[in-house]
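All chains are identified by letter, namely A, B and C, in their written order; residue positions are counted from 1 within each chain.
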Amino acid sequence: MEKLAENKIIEDLLPQKFGKKGQMWVISLLAICALGFYAYCRQLYFGLEVTALRDYVSWGIYISNFVFFVAISLVGSLITAVLRLTNVQWSTPLTRIAEIIAVSAIAFAGLIIIVDMGRPDRFYNLFTHGRLQSPIIWDVIVITTYLVISLLLLYFPLLPDLKIMISFKERNGKWLQKFYELIGSFWKNKPEQFKITNKAINILSITIIPVAFAIHTVTSWLFATTYRPGWDSTNFGAYFISGAFLVGSGAVLIAMYIFRTQYKLEQYITEHHFDKMGKVVVLLALIYLYFNINEFLVPAFKMKKSEEEHLMGLFTGEFSSIFWFAISASMFLPIFILIFKKGRRPKWAFIAGILVVVGSWFKRYLIVTPTLLHPFLPMYDVPKNYLHYFPSWEEWSIAGGSLAGVLLVITFFARIFPIIPIHETIIETDSHEKV
Amino acid sequence: MKKYKYILLLLFTLLLAPNILLAKTDEKNILALTLKYYNDNNISHHLWVNAKSKIDGKFQQIPNISVSFYITNYADKTNLLGKAVTNEKGEAMIVMPPNAKAEWLKSPNQNFIVVANETKQFDAAKTELAITKAKIKIDTINGKVINVNLIALIDSIWKPISGVEVIIGVKRLGGILNVNETQTYTTDSVFGGVTAEFKLDRIPGDKQGNIILIASLVDNETYGNLTAELKVPWGINLVYVSNFDHRSLFARRGYSPIWLELLAYIIVVVVWVIIFYLLLQIKRIKKLGIE
Amino acid sequence: MKSSDNSRREFLATTLLAGATLAGCGGNPFTPEELSDVKPSGEMVKLLSVDGEIIEVDKAFLKPVPELPALSNTEARVGIPGKKFAMVIDLSRCKSVKKCQTACNHMHHIHPGQNWIKVYPMQDSEKTAPYWQPTTCMHCDEPPCVKVCPVDATFKRKDGIVLIDSDRCVGCRFCMAACPYSSRVFNWEEPKIEKEIADKPYSCETSVPQKIGTVGKCDFCPDMVRQGNLPHCVSACPNGVFFFGDILEDAVTNGAETFRFSELIKDKAGYRLMEDLGTKPSVYYLPPVNRNFPFENIEEDKKS
């Protein structure tokens, strides 16, 4: 990193007011959220009738969106915890980006599960009548735990930055200033305080890894604990986790590029970071590819009767175009782009990130829906619309609204807090100088 | 000439058409009632009625029809046994009430009548039933042999009745299990009796090994439906084992397997202790800052 | 059709008043409790005996009980004590008349288009014989749907019946994903039922009225069984395909015919669906051999 004066770093990294572009961005996200909210009100009023879900395909894009959110949230643990514990220095500017992606995604994962419920008014039953035997209860426990840990992991490193923020009273305005003081006025940069936070962050980094693994493994068990072809797999936990790290890293690539260009952070999120993250994505894509081969080649080799229809539907049948698109977009293409040094430049890495995320979203859809269209007993004696699934506009709006919601949380977070840790950047710059 | 014929025909139909349409709206469906008499174990007895109607070419059971049961063959207030409303299967029944005593003791033969009132959809309907009072008796004779006798009240004397089909079996949920290969028996001319050898090997009974034998007359034109029951210790003791209170993955809340509970609670406790420890650390930092 | 009807009625009669007070019929050594599973209510009703005497009988032994005492949710969750229900479906008798389905849909007020009972045209492979396979809920002894339910909304009872409590169900549909027999349906919209039905007090045993946002399925008609009657599908089938009974009594009946369960399964080589999954269903099938009817798929023929 180039030598930078402390003041300049603070100046560069302080959160900025929305520009014209930013305002447009926020307004359009709000509009999408509002449409999703309207669609959800309709769903509350008319029931799940407004969706295209029916008795065979009883889980649709709500659940695939849920899996997608849980997956993407795992990146928080990867970037902050795994890289931190392995003493990877370059990841410092990316930690907060990863952590806020994790927090907002996991919050919306919880919300979308409530959206999927037939009786959201009975949500409290999960607590008053919860059965420990049900993987859904495991998921409820683990998601809450992960959300709390992620929030803590966001909060502790934020404390020194809050002190810096509080010092810019005029810039902040009345309300923000009050807010900063409420959550961080007690931070005095005392060495004892640093000692405690460093220890806390270390404990969190260790704790979050098993919890993150648990959250996505349990999510995979929502499927793998059933008998259905395509879900009945012992490979599922590892398959889901590897996919989760991939999509999360893809999302970080996108976020890095956007923050870098929109907030003019070229000096902080450098080409070096894209190079490193690009390599990480290649590695993760290869791991995910490995699990995909396991997941599809092994049953395809045996071609059990119950699996056959499902697998052929993916390979050459009804879902083949989405399947091959998802496979190429989330694995083959990003590997191909990022394996070259030129491909790891910001713009290309950004494109690769988008490919990963979009491909992964469709991959989640393919995990949920095609299986449900291939039950053990043939689909029979039902109205015609029960035999196919294409999401209704309400489902698209709600799913879109939740995606916009995640982006909105990240956007507002970046408006209120420095998206790149100021204090840590200063310390690292200093230590570089000493070296 | 031919043309005129057609025109006339057309005119004729046009004139008739409204009449036909009107007639149709006025026309109600015909309600068919079936009345049956049941003697239950020679203690109580009841009447059963079923309401059916052919609607759109299909026989359907008609619910919500209010029916009145009368003893004797004319519907009069003094003979009213009671009223009932048909259920979703078009059935209604009434147990013989005490006020029927005088009429019931009058003669060995008995008439009943059931009347359905007119409704928006159906015309009034009624049906009659005549029975001869009869009893079926069940007993055992040496060893596992069942003896069944049918007697009827003829000229105020109970007389054995021959040549009637009876069923003998063991009472089971929803049906009667034959005690051997024979499906039905016919009463003989001497005592109006039949014997049946009990051949069911190791049939489960209640906890004491008791089973209930049943002799029954089904839809007999003269005597109606009669049953008699007898409890005998010919079964094997029922051993009832239930895993309802066992811990398992498919048991109810609070009955999950021990290993699962231990595992889950240990994990949750460990993680949340850490979380609370960290929350305490925030407090410590706060304290340090305020000092 | 008639014969099965009769026998069911006759059965009604046999359970009726089995334990009338014994005054005047001295030979009868039984107390009501011994002859019936029904507990006396303590409320006595006067009636006329066959011998023309006026006797008093406990209300609980009257058939039908004038008003069924409302079952508490706790009782409905435990089930009928001392029973273990099973069904035997004889595939050799089925010609897809679907009276079972009609009766079931009618009595449970199921949403049009949805069914708890389905009659599948099955053909295991190209050269094997086609046959009709009616399916109900299998009421598995190790039900995968119950395993995954997060709120005890679907549960396994002592009598082997798997029920749904629509007042508890949160509508997560995990059970539908878990059931390999596709026997569960979901109330996607507000059930279109008459007000009279919708106003009925809900019980897990009647499964009526259906409720929006909850799961429904075949319930083995425990309300019928409690009254000593057979499930609707059993009594509705004109061909006697369905046999129902208490496995602890070792007997199943279709109303007209009653068999020893163990012998029937042994003689006709009964089997259960998807035994390899380890769900241990309570529904047994008799293979479609020596059939009463040839296989004719009218719907398919119409299409082609």
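Note that a contact is a pair of C-beta atoms (placed from the backbone, for glycine too) under 8 Å apart; a residue touches a chain by one contact, two chains touch by 3 or more.
Note that the structure is a prediction, hence the values are computed from the model and not measured.
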item: Chain nearest the global centroid, as defined over all protein CA atoms shown; value: C
item: Far-end chain from chain B, centres as C-alpha averages; value: A
item: Length of the line joining the C-alpha centres of chain B and chain C, rounded to whole Å; value: 13
item: Chain centre separation in whole Å, for chain B relative to chain A (CA means); value: 59
item: Where chain A and chain C are represented by their mean Cα positions, the distance between them in whole Å; value: 47
item: Of all residues in chain C, the ones touching two or more other chains; value: 144, 147, 152
item: Residues of chain A engaged with two or more neighbouring chains; value: 129-131, 133
item: In chain B, residues with contacts to at least two other chains; value: 249-253
item: For the chain C and chain A complex, residues of the former touching the latter; value: 113-115, 118-121, 135, 144, 147-153, 168-174, 176-178, 180-182, 184-190, 212-215, 274, 277
item: Of chain B, residues touching chain C in the complex; value: 36, 38-46, 48, 88, 93, 95-101, 104-105, 133, 135, 169-178, 200, 203-204, 206, 210, 212, 214, 216, 218-219, 225, 227, 229, 231, 238, 240, 242, 244, 248-253
item: Of chain B, residues touching chain A in the complex; value: 249-253, 256-257, 260-261, 264, 267-268, 271-272, 274-275, 277-279, 281-282, 284-286, 288-290
item: Chain C-touching residues of chain A, taken from the complex the two chains share; value: 46-49, 51, 53-56, 58-59, 116-120, 122-123, 125-126, 129-131, 133-137, 140, 222-223, 225-228, 372, 375-383, 386
item: Sites on chain A touched by chain B in the complex; value: 129-133, 138, 141, 145, 148-149, 152, 155, 159, 185-188, 190, 192-193, 196-197, 199-200, 203-204, 207, 211, 214
